[in-house]
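Okay, structure first, notes after.
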Amino acid sequence: MQLARVIGDVVATRKEPSFEGLTLLIVKPITPAREPVGRPLVAVDAVGAGVGEEVFFVRGKEASFPFYPREAPIDAGIVGIVDHWDVE
Amino acid sequence: MQLARVIGDVVATRKEPSFEGLTLLIVKPITPAREPVGRPLVAVDAVGAGVGEEVFFVRGKEASFPFYPREAPIDAGIVGIVDHWDVE
Amino acid sequence: MQLARVIGDVVATRKEPSFEGLTLLIVKPITPAREPVGRPLVAVDAVGAGVGEEVFFVRGKEASFPFYPREAPIDAGIVGIVDHWDVE
Amino acid sequence: MQLARVIGDVVATRKEPSFEGLTLLIVKPITPAREPVGRPLVAVDAVGAGVGEEVFFVRGKEASFPFYPREAPIDAGIVGIVDHWDVE
Amino acid sequence: MQLARVIGDVVATRKEPSFEGLTLLIVKPITPAREPVGRPLVAVDAVGAGVGEEVFFVRGKEASFPFYPREAPIDAGIVGIVDHWDVE
(Lines give C-alpha, C1' and ligand atoms only; values in the text may rest on other atoms or scores of the structure.)
Protein backbone atom coordinates (compact mmCIF):
# COMPACT_ATOMS: atom_id res chain seq x y z
CA MET A 1 0.00 0.00 0.00
CA GLN A 2 1.07 3.57 -0.54
CA LEU A 3 1.02 6.49 1.90
CA ALA A 4 -0.79 9.47 0.42
CA ARG A 5 -2.53 12.73 1.18
CA VAL A 6 -6.09 13.28 -0.06
CA ILE A 7 -5.97 16.48 -2.10
CA GLY A 8 -9.30 16.65 -3.92
CA ASP A 9 -12.26 14.92 -5.46
CA VAL A 10 -13.69 14.12 -8.88
CA VAL A 11 -17.24 14.57 -10.16
CA ALA A 12 -18.32 12.42 -13.10
CA THR A 13 -21.91 12.11 -14.25
CA ARG A 14 -21.26 9.79 -17.17
CA LYS A 15 -19.48 6.74 -15.81
CA GLU A 16 -19.55 2.99 -15.75
CA PRO A 17 -22.81 2.16 -13.86
CA SER A 18 -21.01 0.14 -11.18
CA PHE A 19 -19.38 3.36 -9.93
CA GLU A 20 -22.77 4.77 -8.93
CA GLY A 21 -22.66 6.12 -5.37
CA LEU A 22 -18.92 5.61 -4.88
CA THR A 23 -16.74 8.54 -3.77
CA LEU A 24 -13.84 9.37 -6.05
CA LEU A 25 -10.96 11.16 -4.33
CA ILE A 26 -7.63 12.40 -5.68
CA VAL A 27 -4.67 11.10 -3.71
CA LYS A 28 -1.10 12.38 -3.87
CA PRO A 29 1.41 9.65 -2.97
CA ILE A 30 3.94 10.72 -0.32
CA THR A 31 7.06 9.28 1.26
CA PRO A 32 7.29 8.74 5.03
CA ALA A 33 9.06 12.16 5.03
CA ARG A 34 5.88 13.63 3.42
CA GLU A 35 7.59 14.42 0.12
CA PRO A 36 5.45 13.91 -2.99
CA VAL A 37 6.39 10.79 -4.95
CA GLY A 38 4.87 9.68 -8.22
CA ARG A 39 1.71 10.84 -9.89
CA PRO A 40 -1.61 11.70 -8.23
CA LEU A 41 -4.33 9.09 -8.77
CA VAL A 42 -8.10 8.82 -8.50
CA ALA A 43 -9.01 6.37 -5.74
CA VAL A 44 -12.33 5.09 -4.46
CA ASP A 45 -12.87 5.79 -0.78
CA ALA A 46 -13.72 2.81 1.42
CA VAL A 47 -13.18 4.41 4.84
CA GLY A 48 -14.74 7.89 4.89
CA ALA A 49 -11.55 9.84 4.21
CA GLY A 50 -11.62 13.59 3.55
CA VAL A 51 -9.49 16.17 1.81
CA GLY A 52 -6.35 16.92 3.80
CA GLU A 53 -6.16 13.56 5.58
CA GLU A 54 -3.23 11.18 5.35
CA VAL A 55 -4.22 7.72 4.20
CA PHE A 56 -2.91 4.56 2.63
CA PHE A 57 -4.36 3.19 -0.56
CA VAL A 58 -4.19 -0.13 -2.37
CA ARG A 59 -3.72 -0.67 -6.09
CA GLY A 60 -5.20 -3.34 -8.29
CA LYS A 61 -8.42 -5.29 -8.39
CA GLU A 62 -8.13 -5.67 -4.61
CA ALA A 63 -9.38 -2.09 -4.34
CA SER A 64 -12.87 -3.34 -5.14
CA PHE A 65 -12.99 -5.91 -2.29
CA PRO A 66 -14.61 -3.52 0.22
CA PHE A 67 -17.56 -3.14 -2.16
CA TYR A 68 -18.14 -6.85 -2.72
CA PRO A 69 -20.37 -8.23 -4.26
CA ARG A 70 -20.34 -5.14 -6.46
CA GLU A 71 -17.88 -5.83 -9.29
CA ALA A 72 -16.62 -2.39 -10.21
CA PRO A 73 -13.63 -1.73 -12.48
CA ILE A 74 -11.56 -0.10 -9.72
CA ASP A 75 -7.74 -0.15 -9.53
CA ALA A 76 -7.07 2.16 -6.58
CA GLY A 77 -8.84 2.42 -3.24
CA ILE A 78 -8.29 4.17 0.07
CA VAL A 79 -8.37 1.47 2.76
CA GLY A 80 -7.04 3.24 5.85
CA ILE A 81 -6.74 6.67 7.47
CA VAL A 82 -3.37 7.00 9.17
CA ASP A 83 -3.10 8.04 12.83
CA HIS A 84 0.69 8.23 12.63
CA TRP A 85 3.75 6.39 11.40
CA ASP A 86 7.22 5.97 12.81
CA VAL A 87 10.43 5.45 10.89
CA GLU A 88 13.93 4.72 12.17
CA MET B 1 -7.71 5.32 -11.73
CA GLN B 2 -5.84 7.88 -13.76
CA LEU B 3 -7.02 11.24 -15.08
CA ALA B 4 -6.39 11.54 -18.80
CA ARG B 5 -7.31 13.39 -21.96
CA VAL B 6 -8.52 11.42 -24.99
CA ILE B 7 -6.19 12.42 -27.82
CA GLY B 8 -6.91 9.97 -30.62
CA ASP B 9 -8.01 6.54 -31.76
CA VAL B 10 -6.53 3.35 -33.20
CA VAL B 11 -7.69 1.29 -36.16
CA ALA B 12 -6.68 -2.36 -36.25
CA THR B 13 -8.15 -4.87 -38.67
CA ARG B 14 -6.09 -7.84 -37.55
CA LYS B 15 -6.69 -8.28 -33.84
CA GLU B 16 -7.62 -10.79 -31.20
CA PRO B 17 -11.25 -11.73 -32.06
CA SER B 18 -12.59 -10.68 -28.66
CA PHE B 19 -11.76 -7.06 -29.49
CA GLU B 20 -14.32 -7.07 -32.33
CA GLY B 21 -16.59 -4.03 -32.07
CA LEU B 22 -14.73 -2.37 -29.20
CA THR B 23 -13.53 1.23 -29.54
CA LEU B 24 -9.81 1.77 -29.03
CA LEU B 25 -8.87 5.28 -27.91
CA ILE B 26 -5.50 6.84 -27.14
CA VAL B 27 -5.39 8.46 -23.71
CA LYS B 28 -2.73 10.84 -22.41
CA PRO B 29 -2.45 10.69 -18.61
CA ILE B 30 -2.57 14.10 -16.93
CA THR B 31 -2.11 15.48 -13.43
CA PRO B 32 -4.89 17.44 -11.69
CA ALA B 33 -3.03 20.53 -13.00
CA ARG B 34 -3.48 19.13 -16.53
CA GLU B 35 0.22 18.49 -17.10
CA PRO B 36 1.07 15.35 -19.08
CA VAL B 37 2.43 12.53 -16.90
CA GLY B 38 3.66 9.19 -18.12
CA ARG B 39 3.15 7.56 -21.48
CA PRO B 40 0.03 7.60 -23.66
CA LEU B 41 -1.86 4.30 -23.70
CA VAL B 42 -4.49 2.56 -25.79
CA ALA B 43 -7.68 2.13 -23.77
CA VAL B 44 -11.02 0.52 -24.54
CA ASP B 45 -13.93 2.91 -24.20
CA ALA B 46 -16.80 1.82 -21.93
CA VAL B 47 -18.62 5.14 -21.63
CA GLY B 48 -18.86 6.80 -25.04
CA ALA B 49 -15.91 9.15 -24.63
CA GLY B 50 -14.62 11.23 -27.54
CA VAL B 51 -11.39 12.91 -28.56
CA GLY B 52 -10.74 16.03 -26.48
CA GLU B 53 -12.69 14.88 -23.42
CA GLU B 54 -11.21 14.48 -19.95
CA VAL B 55 -11.76 11.06 -18.51
CA PHE B 56 -10.48 8.61 -15.95
CA PHE B 57 -9.34 5.16 -16.90
CA VAL B 58 -8.62 1.95 -15.04
CA ARG B 59 -5.68 -0.39 -15.54
CA GLY B 60 -5.57 -4.15 -15.29
CA LYS B 61 -7.97 -6.96 -15.98
CA GLU B 62 -10.70 -4.87 -14.32
CA ALA B 63 -10.87 -2.88 -17.55
CA SER B 64 -12.75 -5.78 -19.14
CA PHE B 65 -15.53 -5.88 -16.48
CA PRO B 66 -17.89 -3.53 -18.40
CA PHE B 67 -17.86 -6.02 -21.29
CA TYR B 68 -18.65 -9.09 -19.22
CA PRO B 69 -19.22 -11.94 -20.13
CA ARG B 70 -16.88 -11.15 -23.00
CA GLU B 71 -13.38 -12.16 -21.86
CA ALA B 72 -11.12 -9.81 -23.79
CA PRO B 73 -7.40 -9.34 -23.08
CA ILE B 74 -7.77 -5.69 -22.05
CA ASP B 75 -5.53 -3.89 -19.56
CA ALA B 76 -6.79 -0.30 -19.82
CA GLY B 77 -10.32 1.04 -20.05
CA ILE B 78 -12.05 4.40 -19.90
CA VAL B 79 -14.71 4.14 -17.18
CA GLY B 80 -15.77 7.75 -16.60
CA ILE B 81 -16.02 11.13 -18.30
CA VAL B 82 -15.10 13.87 -15.87
CA ASP B 83 -17.42 16.84 -15.26
CA HIS B 84 -14.83 18.58 -13.07
CA TRP B 85 -12.40 17.99 -10.24
CA ASP B 86 -11.36 20.12 -7.31
CA VAL B 87 -8.01 20.09 -5.53
CA GLU B 88 -6.94 21.95 -2.40
CA MET C 1 -2.64 -1.49 -24.11
CA GLN C 2 0.63 -0.12 -25.38
CA LEU C 3 1.62 0.83 -28.92
CA ALA C 4 4.86 -0.87 -29.93
CA ARG C 5 7.05 -1.92 -32.80
CA VAL C 6 8.10 -5.56 -33.13
CA ILE C 7 11.90 -5.50 -33.26
CA GLY C 8 12.97 -9.11 -32.87
CA ASP C 9 12.36 -12.57 -31.52
CA VAL C 10 13.63 -14.88 -28.79
CA VAL C 11 14.63 -18.54 -29.02
CA ALA C 12 14.51 -20.58 -25.83
CA THR C 13 14.81 -24.35 -25.75
CA ARG C 14 14.60 -24.75 -21.99
CA LYS C 15 11.36 -23.13 -20.87
CA GLU C 16 8.26 -23.68 -18.84
CA PRO C 17 6.40 -26.47 -20.76
CA SER C 18 3.24 -24.37 -21.27
CA PHE C 19 5.24 -22.06 -23.57
CA GLU C 20 5.72 -24.88 -26.08
CA GLY C 21 4.78 -23.72 -29.58
CA LEU C 22 4.20 -20.09 -28.65
CA THR C 23 6.03 -17.33 -30.55
CA LEU C 24 8.11 -14.98 -28.43
CA LEU C 25 8.67 -11.56 -29.95
CA ILE C 26 10.56 -8.52 -28.68
CA VAL C 27 8.44 -5.37 -28.67
CA LYS C 28 9.70 -1.82 -28.26
CA PRO C 29 7.01 0.45 -26.76
CA ILE C 30 6.46 3.66 -28.71
CA THR C 31 4.45 6.86 -28.30
CA PRO C 32 1.85 7.93 -30.88
CA ALA C 33 4.69 10.07 -32.31
CA ARG C 34 6.73 6.85 -32.74
CA GLU C 35 9.32 7.77 -30.12
CA PRO C 36 10.62 4.89 -28.00
CA VAL C 37 9.22 4.91 -24.45
CA GLY C 38 10.14 2.51 -21.69
CA ARG C 39 11.95 -0.78 -21.93
CA PRO C 40 11.60 -3.46 -24.62
CA LEU C 41 9.70 -6.54 -23.48
CA VAL C 42 9.22 -10.14 -24.59
CA ALA C 43 5.60 -10.69 -25.65
CA VAL C 44 3.72 -13.73 -26.87
CA ASP C 45 2.18 -13.26 -30.29
CA ALA C 46 -1.55 -13.95 -30.61
CA VAL C 47 -2.18 -12.38 -34.02
CA GLY C 48 0.59 -13.38 -36.41
CA ALA C 49 2.69 -10.22 -36.07
CA GLY C 50 6.12 -9.94 -37.66
CA VAL C 51 9.31 -7.96 -37.16
CA GLY C 52 8.87 -4.35 -38.25
CA GLU C 53 5.11 -4.21 -37.72
CA GLU C 54 3.36 -1.77 -35.41
CA VAL C 55 1.16 -3.47 -32.87
CA PHE C 56 -0.49 -3.03 -29.51
CA PHE C 57 0.17 -5.39 -26.66
CA VAL C 58 -1.50 -6.11 -23.35
CA ARG C 59 0.20 -6.63 -20.01
CA GLY C 60 -0.76 -8.95 -17.19
CA LYS C 61 -2.40 -12.33 -16.92
CA GLU C 62 -4.89 -11.19 -19.60
CA ALA C 63 -2.14 -11.83 -22.16
CA SER C 64 -2.81 -15.56 -21.80
CA PHE C 65 -6.55 -15.33 -22.62
CA PRO C 66 -6.08 -15.95 -26.38
CA PHE C 67 -4.48 -19.32 -25.54
CA TYR C 68 -7.21 -20.50 -23.20
CA PRO C 69 -7.54 -23.20 -21.85
CA ARG C 70 -3.76 -23.31 -21.85
CA GLU C 71 -2.63 -21.73 -18.54
CA ALA C 72 0.75 -20.26 -19.40
CA PRO C 73 2.68 -17.84 -17.15
CA ILE C 74 2.52 -14.97 -19.63
CA ASP C 75 2.46 -11.27 -18.71
CA ALA C 76 2.70 -9.59 -22.12
CA GLY C 77 0.94 -10.44 -25.38
CA ILE C 78 0.50 -8.90 -28.79
CA VAL C 79 -3.25 -8.68 -29.41
CA GLY C 80 -3.53 -6.39 -32.45
CA ILE C 81 -1.66 -5.24 -35.53
CA VAL C 82 -2.26 -1.54 -36.12
CA ASP C 83 -3.50 -0.25 -39.49
CA HIS C 84 -3.12 3.36 -38.39
CA TRP C 85 -3.83 5.74 -35.55
CA ASP C 86 -4.89 9.37 -35.46
CA VAL C 87 -4.12 11.91 -32.78
CA GLU C 88 -5.34 15.48 -32.40
CA MET D 1 9.84 -10.11 -5.12
CA GLN D 2 11.79 -7.09 -3.98
CA LEU D 3 14.63 -6.88 -1.45
CA ALA D 4 13.91 -4.24 1.19
CA ARG D 5 14.76 -2.99 4.64
CA VAL D 6 12.00 -2.55 7.20
CA ILE D 7 12.23 1.07 8.34
CA GLY D 8 9.07 1.70 10.33
CA ASP D 9 5.44 0.99 11.02
CA VAL D 10 2.03 2.54 10.52
CA VAL D 11 -0.81 2.96 13.01
CA ALA D 12 -4.31 3.34 11.61
CA THR D 13 -7.44 3.13 13.74
CA ARG D 14 -9.93 3.79 10.94
CA LYS D 15 -9.34 1.19 8.27
CA GLU D 16 -11.04 -1.40 6.12
CA PRO D 17 -12.28 -4.01 8.67
CA SER D 18 -10.37 -6.87 7.02
CA PHE D 19 -7.09 -5.22 8.08
CA GLU D 20 -7.96 -5.75 11.76
CA GLY D 21 -5.03 -7.34 13.61
CA LEU D 22 -2.61 -7.17 10.68
CA THR D 23 0.80 -5.50 11.15
CA LEU D 24 1.56 -2.67 8.73
CA LEU D 25 5.27 -2.04 8.21
CA ILE D 26 7.09 0.49 6.05
CA VAL D 27 9.60 -1.11 3.70
CA LYS D 28 12.31 0.67 1.75
CA PRO D 29 13.23 -1.23 -1.43
CA ILE D 30 16.98 -1.81 -1.84
CA THR D 31 19.29 -3.19 -4.51
CA PRO D 32 21.58 -6.18 -3.79
CA ALA D 33 24.23 -3.48 -3.09
CA ARG D 34 21.88 -2.08 -0.39
CA GLU D 35 21.23 1.17 -2.25
CA PRO D 36 17.70 2.55 -1.93
CA VAL D 37 15.63 2.06 -5.10
CA GLY D 38 12.11 3.30 -5.66
CA ARG D 39 9.60 4.53 -3.17
CA PRO D 40 8.94 3.18 0.34
CA LEU D 41 5.71 1.21 0.65
CA VAL D 42 3.39 -0.02 3.37
CA ALA D 43 3.44 -3.83 3.49
CA VAL D 44 1.56 -6.34 5.62
CA ASP D 45 3.87 -8.59 7.61
CA ALA D 46 3.37 -12.35 7.20
CA VAL D 47 6.61 -13.57 8.81
CA GLY D 48 7.23 -11.60 12.03
CA ALA D 49 9.69 -9.10 10.58
CA GLY D 50 10.93 -6.15 12.63
CA VAL D 51 12.35 -2.70 12.02
CA GLY D 52 15.94 -2.90 10.76
CA GLU D 53 15.62 -6.37 9.22
CA GLU D 54 16.26 -7.14 5.56
CA VAL D 55 13.34 -8.87 3.91
CA PHE D 56 11.74 -9.56 0.56
CA PHE D 57 8.19 -8.56 -0.18
CA VAL D 58 5.65 -9.47 -2.83
CA ARG D 59 3.36 -7.11 -4.70
CA GLY D 60 -0.18 -7.65 -5.87
CA LYS D 61 -3.16 -9.63 -4.66
CA GLU D 62 -0.76 -12.49 -3.89
CA ALA D 63 0.26 -10.57 -0.76
CA SER D 64 -3.02 -11.62 0.84
CA PHE D 65 -2.47 -15.37 0.33
CA PRO D 66 -0.82 -15.94 3.75
CA PHE D 67 -4.01 -14.66 5.41
CA TYR D 68 -6.39 -16.87 3.47
CA PRO D 69 -9.40 -17.20 3.81
CA ARG D 70 -9.36 -13.58 4.91
CA GLU D 71 -9.92 -11.50 1.77
CA ALA D 72 -8.14 -8.24 2.58
CA PRO D 73 -7.39 -5.52 0.01
CA ILE D 74 -3.61 -5.90 0.31
CA ASP D 75 -1.12 -5.21 -2.49
CA ALA D 76 2.22 -5.61 -0.69
CA GLY D 77 3.33 -8.20 1.85
CA ILE D 78 6.55 -9.24 3.54
CA VAL D 79 6.97 -12.96 2.86
CA GLY D 80 10.57 -13.67 3.89
CA ILE D 81 13.33 -12.45 6.19
CA VAL D 82 16.68 -12.69 4.42
CA ASP D 83 19.64 -14.51 6.00
CA HIS D 84 21.96 -13.39 3.23
CA TRP D 85 22.28 -13.04 -0.51
CA ASP D 86 25.18 -13.54 -2.89
CA VAL D 87 25.75 -11.80 -6.19
CA GLU D 88 28.40 -12.38 -8.81
CA MET E 1 8.22 -11.04 -20.03
CA GLN E 2 11.53 -9.37 -19.32
CA LEU E 3 15.00 -10.37 -20.50
CA ALA E 4 17.41 -10.65 -17.57
CA ARG E 5 20.68 -12.04 -16.38
CA VAL E 6 20.76 -14.19 -13.25
CA ILE E 7 23.27 -12.51 -10.92
CA GLY E 8 22.84 -14.22 -7.57
CA ASP E 9 20.65 -16.01 -5.07
CA VAL E 10 18.90 -15.39 -1.77
CA VAL E 11 18.88 -17.52 1.37
CA ALA E 12 15.96 -17.06 3.75
CA THR E 13 15.24 -19.41 6.63
CA ARG E 14 12.22 -17.55 7.98
CA LYS E 15 9.72 -17.28 5.15
CA GLU E 16 6.12 -17.87 4.23
CA PRO E 17 5.75 -21.70 4.42
CA SER E 18 4.61 -22.02 0.78
CA PHE E 19 8.10 -20.93 -0.33
CA GLU E 20 9.64 -24.09 1.16
CA GLY E 21 11.92 -25.79 -1.38
CA LEU E 22 11.68 -23.06 -4.00
CA THR E 23 14.87 -21.49 -5.40
CA LEU E 24 15.13 -17.73 -5.06
CA LEU E 25 17.40 -16.09 -7.63
CA ILE E 26 18.33 -12.46 -8.17
CA VAL E 27 17.70 -11.29 -11.73
CA LYS E 28 18.99 -8.10 -13.32
CA PRO E 29 16.70 -6.91 -16.14
CA ILE E 30 18.52 -6.17 -19.39
CA THR E 31 17.67 -4.68 -22.78
CA PRO E 32 18.21 -6.66 -26.00
CA ALA E 33 21.54 -4.77 -26.18
CA ARG E 34 22.41 -6.26 -22.74
CA GLU E 35 22.29 -2.92 -20.94
CA PRO E 36 20.90 -3.03 -17.39
CA VAL E 37 17.38 -1.58 -17.16
CA GLY E 38 15.37 -1.13 -13.99
CA ARG E 39 15.94 -2.66 -10.61
CA PRO E 40 17.11 -6.19 -9.79
CA LEU E 41 14.38 -8.46 -8.44
CA VAL E 42 14.08 -11.74 -6.57
CA ALA E 43 12.47 -14.37 -8.81
CA VAL E 44 11.49 -17.98 -8.22
CA ASP E 45 13.17 -20.37 -10.63
CA ALA E 46 10.90 -22.70 -12.60
CA VAL E 47 13.39 -23.93 -15.19
CA GLY E 48 16.71 -24.76 -13.51
CA ALA E 49 18.48 -21.49 -14.31
CA GLY E 50 21.89 -20.69 -12.85
CA VAL E 51 23.97 -17.63 -12.06
CA GLY E 52 25.33 -16.05 -15.25
CA GLU E 53 22.59 -17.35 -17.54
CA GLU E 54 20.33 -15.14 -19.63
CA VAL E 55 16.66 -15.78 -19.03
CA PHE E 56 13.23 -14.25 -19.30
CA PHE E 57 11.00 -13.86 -16.32
CA VAL E 58 7.31 -13.17 -15.80
CA ARG E 59 5.77 -10.78 -13.29
CA GLY E 60 2.56 -11.11 -11.36
CA LYS E 61 0.55 -13.97 -9.92
CA GLU E 62 1.24 -15.89 -13.15
CA ALA E 63 4.72 -16.60 -11.78
CA SER E 64 3.20 -19.17 -9.45
CA PHE E 65 1.52 -21.20 -12.23
CA PRO E 66 4.46 -23.62 -12.70
CA PHE E 67 4.08 -24.66 -9.04
CA TYR E 68 0.36 -25.28 -9.19
CA PRO E 69 -1.48 -26.44 -7.04
CA ARG E 70 0.90 -24.82 -4.59
CA GLU E 71 -0.50 -21.31 -3.94
CA ALA E 72 2.60 -19.30 -3.09
CA PRO E 73 2.68 -15.48 -2.88
CA ILE E 74 5.08 -15.10 -5.80
CA ASP E 75 5.20 -12.09 -8.16
CA ALA E 76 8.25 -12.87 -10.30
CA GLY E 77 9.37 -16.15 -11.84
CA ILE E 78 12.00 -17.33 -14.29
CA VAL E 79 10.14 -19.24 -17.03
CA GLY E 80 12.74 -19.62 -19.78
CA ILE E 81 16.48 -19.81 -20.40
CA VAL E 82 17.37 -17.96 -23.57
CA ASP E 83 19.39 -19.62 -26.34
CA HIS E 84 19.62 -16.39 -28.30
CA TRP E 85 17.60 -13.44 -29.53
CA ASP E 86 17.72 -11.43 -32.72
CA VAL E 87 16.77 -7.80 -33.18
CA GLU E 88 16.51 -5.73 -36.34
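Miscellaneous remarks
When the chains are written out, they are named A, B, C, D and E in that same order, and each has its own residue count from 1.
The rule is short, and it goes like this: a contact is a pair of C-beta atoms (placed from the backbone, for glycine too) under 8 Å apart; a residue touches a chain by one contact, two chains touch by 3 or more.
Please read all numbers here as calculations on a predicted model, not as lab measurements.
With steps allowed only between chains in touch, the distance from subunit D over to subunit E comes to 1. Fewest steps needed to get from subunit C to subunit D, stepping only to touching chains, is 2. Listed by label, the chains touching subunit B and subunit C alike form an empty list. Measuring from the averaged C-alpha position of subunit A to that of subunit B gives a distance of 19 Å. Mean C-alpha position of subunit A lies 31 Å from that of subunit E. Listed for subunit E are residues 60-61, each touching two or more other chains.
One full turn of the ring, starting with subunit A and passing subunit D second, gives A, D, E, C, B.
Residues 1-3, 29, 31-32, 37-38, 46-48, 56, 58-63, 65-66, 68, 77, 79-88 of subunit B are the ones that touch subunit A when the two sit in their complex. Across the complex, subunit A meets subunit B through its residues 7-16, 18-19, 24, 26, 39-43, 51-52, 60-61, 64, 71-76.
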